[in-house]
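What follows is a set of structures to go through.
Shared chain: subunit A. Partners: subunit B in the first complex, subunit C in the second.
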Partner chain A sequence: MKIVVCVKRVPDTATKIKVGAEGNVIDTKDVEFIPSPYDELAVEYAVRIQENQSDVEVVIVTLGPAEASTEKVLRRCLAIGANRAILIESAGTDHDPYVIASALANTIKEESPDLLLFGIQAIDDDYGQVSSITSALLDMPLLWGVSEPLELGGSTVKGRCEVDGGVEILESSFPCAASIKGSITDIRMCPLIKIRRASKKEIKNVSAQLEDSALSVEKLELPAERVGGRIVGQGADAVPELFRLLREEAKVL
Partner chain B sequence: MTTANCIEESKKNQENHENPSEKTEKKTKKKAPFSFMKSAFAGDIAEEIIFPYPQQSKEEKEETQLFLKELDKFCRENIDGAQIDLDAKIPPEVIQGLADLGVFGLTVPEEYDGLDVSYTFFCQAIGIIPRYCASLAATVVAHLSIGTKALYMFGTEDQKKRYYPKLVTGEWIAAFSLTEPQAGSDASGIKTSAKLSEDGKHYVLSGEKIYVTNGGFASFFTVFAKINSGDEEEKGFTAFIVTKDMHGVSIGKEEKKLGLKGSSTTPLLLDNVKVPVDNILGQKGKGFKIAMEVLNTGRLGLGGICAGGVKKAIEGSVQYATQRRQFGMSLSEFGLIQKKIARMGVLTFAMDSAVYLTAGLADRKDIDFSVESAICKVFTTECAWEIINETVQIFGGSGFIADYPYERALRDARITMIFEGTNEILRLFIALAGMRNVGEYFKKLGQAINQPLQSLGFLYEYFSGQVISSFVKEKINNASAQLSSEAAIVQKYIPLLNQAVEKSIRTHKKEVIHQQFILERVANMAISIYTLAACISRVDSSLRQGKTEADLDQEFTMLKTYAFIAEASLQENYQSLTNNCDKEIQKVSAFLCAAEGYPLPDVI
Partner chain C sequence: MSGILAITEVKDGKFRRASLEAVGEALRIGQALSLEVSAVVMGTGVSELAGSLGEYGVSKAIVVEDDRLENAYTQPYAEAIAEIAKSKEADYVFFSASARGKAISALASAYLKTAVVSDCVQIQVEDGELSCQRPVYAGKALSVVKIQKKPGLLSLRPNVFSVEKNSAEVAVENFSVNFSETAFRVKVVGVEKAKEQSVELSEASIIVSGGRGLKEAANFSLIEGLADPLGAAVGASRAVVDDGWRPHKDQVGQTGKTVSPNLYIACGISGAIQHLAGMRTSKVIVAINKDEEAPIFKVADYGIVGDVFEVLPKMTEEAKKLAADS
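Take a look at the complex of A and B:
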């Protein structure tokens, strides 16, 4: 069985984000990148399938700039246990979901995987659309929001998917795609020996003709800095002032 | 290690440098460059050794960063430093977790399932652990940096096959056992004896070792003992592998300590222990050299621990100083607190620069870095002490209270200035190892004086300063123009260091080894020169990688500040060579010793 896992590089959650000079992108200088956590879980899950079955190959596909920080994200996935990785070169990762999905689909088509895994959403833009569009473009059924390990039969896949207010049990034939929720597995510690082995695994760079994004980001703004609370007075006398401030300053009433 | 030992140690290191291992000799073919600091003592600025600043390869950097992240996560989630301090015990799961990550294989060759990482990698990795628990860091480095290091450097294939499988998994913990009740700094005074058995198969070891880190749970001991033998070659001492399961090995009671309470420190008692002759590490009689080479790398590792560990104290200080308010302002708005915070940052910048320059030199494997690693040890342990002490001060009363981690950090940091060579002994070593090189030169000069006719030219040249200027480089050409005023400080003080050394050798001749007031100042000058040169090289390399001065605003500002600190120290130490109250110091000390206490009556 061949499993392809789509991984997006995102800024480390611990990074202090700065808006770039253009005002609509993140300044990536000095930003640490990590695999988006749901994607990383999908990689871990794929590797666990590999450990429990014979003859499973796990291939990582990402789209992003051909630079050291992207490669590091891929090495991390290879260290978890994936066999090889493909980097679709693009200037950034801020394209609209359709553009990204079509580039991914073009590359994945050549790999013809039996199972295609995604994290449910990337934690930077939170679009959550790439899995649906990519699998649609590849004509693969999608099990969306899988919350527990799949039941992998000889010719079918069964998955428990969480939807608003309930659970759907979906079954599909191979090949099929699934997007993964946080509860499916947990990330194990990664010993240095696996990191070292990963350094010898293949990362193939492919170039992509990206379509123009229909969607563009106009402006990015950091949330306003939180200011501390304030005591406006004590006892019943303070109530009118409190109301005034809530109405005029905080504008919540 | 006495003063005589210092000279001995410096000789060993030099021999080592003159006979680089065959492997490197074949590879490079070129004569290995000398040490940067030993050259500096001779007035030579061997800048090619420190420029460009060493860089990890892209692959190694990636591997290091991925591992550091993993190690940091493990430590954050699994280590409770306060509890370990209270229980005076590290939970076995923590050791197991580190073993699973591969920590015990960091310094084991790949053919024995180890990872054999570079010093640059190693120092970064062990710099993570003390941020969570210094006791654990001490335990780990006692195993990796000193316990198993002689096996790594001098072990036979057979010895490695026998012991690595258990050591690499952490199943066996290792310890290094040199110190004895009567032999601490003066390691050559050890009394533990080794006597060849009649059948020639064993050495019978007897003696008492003390202060063995990991003693309580180690299974593998690198033990130093003196062979009782008339053979000149075998005199001096010898390193043995002793395992806990050998008959006659017993472990004494755990010591109660000021700090590092979670680490184990015990005596090791050897009562007629039969150690197979196959367990000798390296050559018989060469134990001192082995111990010194092990400690040489151990000191660099300690530098990694200090430079890494203080970052946690800085984080705490900065967080507290920005949040805590007094007089209606946050502490960080007060100049006196800013001074403390800035100094923490600048010293850490210098610590990192020196440690990773030295680690890079060590990784080249063809260069003598013994003086440099001793500098790193003295400098980083004293900076760490200062930084943690100031952290306690910034926290005010809370710093003293055990609910906060800083009283523990202060207790834990204290020992670093004592073990792996006390900072006093290492200052003597730095000065004497550097002077020995210059001393060799004077020997040549001595010959010249005995054969005046043939050597007239030589003497004339020397006294006119031509010899020096003919083979010595006095300028730094490699540093970028933006760094010229900092480079000028190094350029000014290397010749002054040389002058100071030459003058004291000329004045005191062989007795110079007992002139500790001078030696300390010379060592302090060497420390400032090396650490500043390391900072310059580091910033220079960033500039050469295409960064601009504006990109490097933080680095430039730290460098400028450190240059100011270093220059002040250089000035003070240089001037006090001639302008001092050494005589009075000796007298006052003598008054107190004679009076067996404070000699004057209490003032009413």
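Take a look at the complex of A and C:
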């Protein structure tokens, strides 16, 4: 079985966002990049499938700039246990989801994966679409927001997906794609030996075919800082006054 | 023809509120752009429901009534939407950014060779074009997006846009879709309703959230105790989700849910940047923390410096009084 995992390079979650000089993208100076957390979970999950089953190859695909920080993100995925990686080179990652997905689909088509994994959403642009568009372009069924390990069996797959208000149990034909949510597995520590081994694994660079943009980001703004409010008081004695304020001043109760 | 489509979602024989918000906003934009708005209603046994959309000011409904939609997943809905959008030459298609709305809109966008402006929190008309505001980096920044390809697809963050009552006569058009051969290759074979949480986190108007300050899983009964009389949903910080006290679906933050309720009550939560990212757009924030230096107080409108084990029972008492009065 071949598993392809799509991984995006994103700013570390602790990054304080600054708007770049262009006005519509962030200033990436001093930004640490990491694999988008849901994508990293997808890699970890793919590697667990590999550990429990013979003959599983895990391939990482990313679209992003050919820079040291992107390579670092790929090496991290290889250290988790993926076999090899493909970097689709593009100057940035700030494309709209259709542009990203069509470039990914072009490359993934040649790999013909049995299982194609994504994060449910990239934590930079928060679009939550690339999984759907890529799998549609590849004509693969997609289970969106899988929250527990899949039941893989022959020509069908069962998945459990969180939706608003509950869990849906889905059955799909196989090969298929899935986007992964936070609870599917956990991240393990990477032993040094795996990190060392990862430095020798193959990263293939290919060039991106980019479609015309469907969306354009005109401006990036920082939200108005919340001005800290007031401390109503200390301990349980402050509670009646808090409720009065919530009712009469804030009018939310 | 041109116009705007507003996609409704039906659950348990009723329109989901979030999708009615999308309908409301579509009507507002339709008026500004002089475009006709058609609500799209899809499913099994939904024809009758379509008539009731008049209550929300809808005068035209397109109905896809098909037995095969009974336990269908996202693909046939997305195919139906793409086909309707093409046949009506729609200018815009409005969705709710619920979990299902996000999955369906993105698939539909693939069939229409475009992308969705997902999770919009504000839509303005400028020179006959839409200028859409959406949070990025989990709300640490706001991005203003314009649409370059028609039809323009938008999904609207639940709880941000209003539903207005109105009255209109609804003209219903039945639309039959040529589903592809693979449309039904994924089936919903079962549903497990969340029992412990009757109010859905992403749509709740009040959220009571707990963090590591609660000390152990069992003490979350204090959070539930307060949430109950307030009709609130229960949220959690990642620290307590990682410790297995609460399921991941309750996690608020950059790698959990992004919420914007009217009232967010953070109890025993320090206010790490990743947590703030998920709740900073709440209208009113209340923090209960015993450390007056906790960063959560920097974003809170009202704070109480105190021990959750003393403050929460007193709050529950007040909330019960309030519930009894109303």
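The rule is simple: the second predicted complex is superposed on the first by the 224 of 253 C-alpha atoms of A that agree within 3 Å, B and C clash if a C-alpha of one lies under 4 Å from a C-alpha of the other, contacts with A are read in each partner's own complex, and residues count from 1 in each chain.
One rule holds for everything that comes next: contacts are C-beta pairs under 8 Å (C-beta built on N, C-alpha and C of every residue); 3 or more make two chains touch, one makes a residue touch a chain.
On a predicted model such as this, the values are computed, not experimentally measured, just so you know.
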Given the touch rule stated above, what does A:125 touch, subunit B (first), subunit C (second), both, or neither?
second
For A:21, decide between first (touching subunit B), second (touching subunit C), both and neither.
neither
Partner chain(s) touched by A:143 [first = subunit B, second = subunit C, both, neither]:
second
For A:195, using the defined touch cut-off, is the partner it touches subunit B, subunit C, both, or neither? Pick first, second, both or neither.
first
Partner contacting more residues of subunit A (subunit B vs subunit C)
C
Would you tell me the residues on subunit A in contact with subunit B in one complex that are also in contact with subunit C in the other?
none
Partner subunit B, residues of subunit A touching it in the complex
68, 71-72, 75-76, 79, 189-193, 195-196, 198-199
Mind listing the subunit C positions that touch subunit A in their complex?
11, 16, 73-75, 98-100, 102-103, 105-107, 109-111, 113-119, 131, 134-149, 182, 185-194, 200, 202-203, 206, 230, 241, 247-249, 251, 254-256, 258, 262-263, 273-274, 277, 280-281, 283-286, 292, 297-307, 310-311, 313-315, 317-319, 322
Quick one: which bits of subunit A touch subunit C in the complex? Just the residue numbers, please.
11, 13-17, 19, 24, 26, 37-38, 96-99, 101, 123-129, 131-133, 136-137, 139, 141-145, 147, 158, 162-173, 176, 181-183, 212-223, 226, 228-236, 238-240, 242-243, 245-247, 250, 252-253
Tell me, which parts of subunit B touch subunit A in their complex?
58-59, 62-63, 65-67, 70, 73-74, 97, 100-102, 105-106, 115, 117
